[in-house]
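Two complexes, one shared chain (chain A), two partners (chain B, chain C).
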Partner chain A sequence: MHSALTRGNAIFSLGFTCVALATFLCAVTTVFENPSPVVSVNIHNPFVRNQQQYHRWSQRFDRAYFTFDLNAGTCMPVTANVVASCTTVRLRFTGSQAVNQIIVWDKIMRRDIDDPRISLRDMKLKYPFYDDAHGLRGNNITLSLHWNVVPVAGLLPRNSEGHVTIKLDDQYA
Partner chain B sequence: MRLLGIDTASWYMDYEGQKLMEGLFQYIILGFMTLGFGWGYYCQRFEQTIYVTLGGVALAFLICLPPWPMYRRHPIKWLKRHPKQKSAPETS
Partner chain C sequence: MSSEESDTKAVAPAPAPQSWWTTVGEYTLGKDAFGELSQMTKRQILFQVMNVALVVFSALMIWKGLMVVTGSESPIVVVLSGSMEPAFTRGDLLFLTNDKSDPIRVGEILVFKVRGRDIPIVHRVLKLHEDHNGNLKFLTKGDNNRVDDRGLYAQDQLWLHPDDVVGRARAFIPYVGIVTILMNDFPFLKFVLLGVLGLYMLLNRE
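And now, the complex of A and B:
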């Protein structure tokens, strides 16, 4: 009946119910939190070239180059329900596909280890910006900062800020 | 019955002790969870909440699992055997 095992089971189950409850309450604390940092993005020296891609030597594709400045305030709130922030700089462009979006720079910012602010100056693209065909000349590109704040528990919000649009040259450089 | 070399009968609590233990471990664990949540919210660290809650669980195990003397103050008083009855009545 009321043996040591029964008592142990009761304590264990209530204890871990409480851990789960605390986790749920932790998730609730950040439901209405919506970080909106000041983000400023600038694009410098954009130009387009017609180039061979690394893995398809027989064909040529449009490749665009530019450097960018990015300044962002703290897009990762330092609260209890935060593990890290996965930050990407995404480029949306009018190209040869229906939707064209690539990531040109990224960083995982860990809580208490990395600086939650971003300050980039004349940054080159971390990943090359190719179109699948010849759809870059004279088209618009939009650069923006996207980030996910990874929570301990709860929702994974997707935020984006600082959209800036420029028009690429009509001519190959 | 013997479990891990301990006679389980010696780990028995009386009824009043069981009632006391049930109330005690619920107060300890819920209290530590509330305390831990408050502390974790104050310093904005969720792991602190978990540590304090699990500390409460450990304390509850220590206080409520072994049959301490405070749980055995009201032993069950069994009736004496009826003198006329020589042996227990057989059940069919």
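And now, the complex of A and C:
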């Protein structure tokens, strides 16, 4: 016979299966969705200084400054399976180490709340650009836009588009 | 179900007492269910115990198998704090991989453990340096935090190293982990759930 327990169990498992299936279908919708916005980046007024870093006052590091322009179309997929897109401006540079990367600016764009396009002019760096020692003078830096779509459920893809490379001064400012 | 129905089906000649468990049904966790346990032969009880063991060990095998496939020491983690909002909220479930041949790069979402602390943290890589011998060091930051994680690290620790990394976030399911959080916040729920599950499996004959 069907007791309250078996009935409850059946309803629970049916509901759970439905939710799981819906989640899976939702996740599938963004798997093949790869937005490729048009991105343009520009760097202005770069200069290098030799400065102390706040966590180590006894030591000096190379620190570079610049402002940048960034224009990008929407980098969010159009499906419903999107919560936000975490957009970061990544800087790769030839410095004191073999691989040097930092994020200099980032923004989280929520779906339907924030404007999915980016339009920045003469933006200052949100995070300071320090080298790990003294390797910035006369070296190349490359700026590019990266984003990471956060879905309602599913895979967490990472994409990038657009880059600009410039050479820093070989003198401290 | 009515009590008349259960009376006609009852095997025992004595009429069942009118207490709450007998009126709810035959298979509730009441007297009848325990009666069933006492009717089982030794062989059946042993079989039931082995069934439970089978389920437990299968779960363990799946977990260990996932560890081997993903290379991460805990392939599934629950987000415990709001420091990555609005991307991840408390109770979300993350699937991790930790492929050593694919190097960690800036912008990735990592799960790491700080020396001297057991709780894993989910944050994004903000800064990274790799020297010519392949030694990697990096700094992380939570999307919802205003400053980087140096204040969270151990005393005098300025950088994280690949050894600290539990895994890298690859896929995501919302809310599922809230059960874990509830069980952590109210430990007695853990025992209640385990007890109910164990009892149910022992007493169910199918």
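Following the convention adopted for this analysis, the second predicted complex is superposed on the first by the 171 of 173 C-alpha atoms of A that agree within 3 Å, B and C clash if a C-alpha of one lies under 4 Å from a C-alpha of the other, contacts with A are read in each partner's own complex, and residues count from 1 in each chain.
By our rule, a residue touches a chain if its C-beta (ideal position, glycine included) is under 8 Å from a C-beta of that chain, and two chains touch if they have at least 3 such contacts.
Model, not experiment: these values are computed from the prediction.
Peer 1: Give one of first, second, both or neither to describe whether A:Asn139 is in contact with chain B, with chain C, with both, or with none.
Peer 2: A:Asn139: touches no partner chain.
Peer 1: For A:Thr30, using the defined touch cut-off, is the partner it touches chain B, chain C, both, or neither? Pick first, second, both or neither.
Peer 2: neither
Peer 1: Who does A:Val152 touch here: chain B (first), chain C (second), both, or neither?
Peer 2: Both partners, chain B and chain C.
Peer 1: Per the contact definition in the header, classify A:Gly15: touching chain B only (first), chain C only (second), both, or neither.
Peer 2: In the superposed model, A:Gly15 contacts chain B only, not chain C.
Peer 1: So in the superposed three-chain picture, is A:Ser3 touching just chain B, just chain C, both, or none of them (first/second/both/neither)?
Peer 2: both
Peer 1: By residue count, is chain A touched more by chain B or by chain C?
Peer 2: Counted on chain A, the partner with more touching residues turns out to be C.
Peer 1: Go through the superposed model and pick first if A:Gln101 touches only chain B, second if only chain C, both, or neither.
Peer 2: second
Peer 1: Just chain B (first), just chain C (second), both, or neither: which does A:Asn81 touch?
Peer 2: First partner only, chain B.
Peer 1: Which chain A residues are contacted by chain C in one complex and by chain B in the other?
Peer 2: 2-5, 23, 152
Peer 1: Provide the residue numbers of chain B that touch chain A in the complex, in ascending order.
Peer 2: Residue list for chain B touching chain A: 3, 8, 11-13, 18, 21-22, 25-26, 29-30, 32-33, 36-37, 40-41, 44-46, 49-50, 53-54, 56-57, 60-61, 64-67.
Peer 1: Flag every residue of chain C that touches chain A in the complex, lowest number first.
Peer 2: Residues in contact with chain A: 1, 5-6, 9, 24-29, 86-88, 103, 105-109, 124-132, 134, 143, 148, 150, 158, 169-174.
Peer 1: Using the touch definition up top, name the residues of chain A that touch chain C in the complex.
Peer 2: Those in contact with chain C are residues 1-6, 23, 27, 55-56, 83-84, 86, 88, 90, 95-103, 106, 108, 110, 127, 132, 146, 148, 150-156, 158.
Peer 1: Considering only the defined contacts, which chain A positions touch chain B in the complex?
Peer 2: 2-5, 7-8, 10-12, 14-16, 18-19, 21-23, 25-26, 29, 78-81, 152
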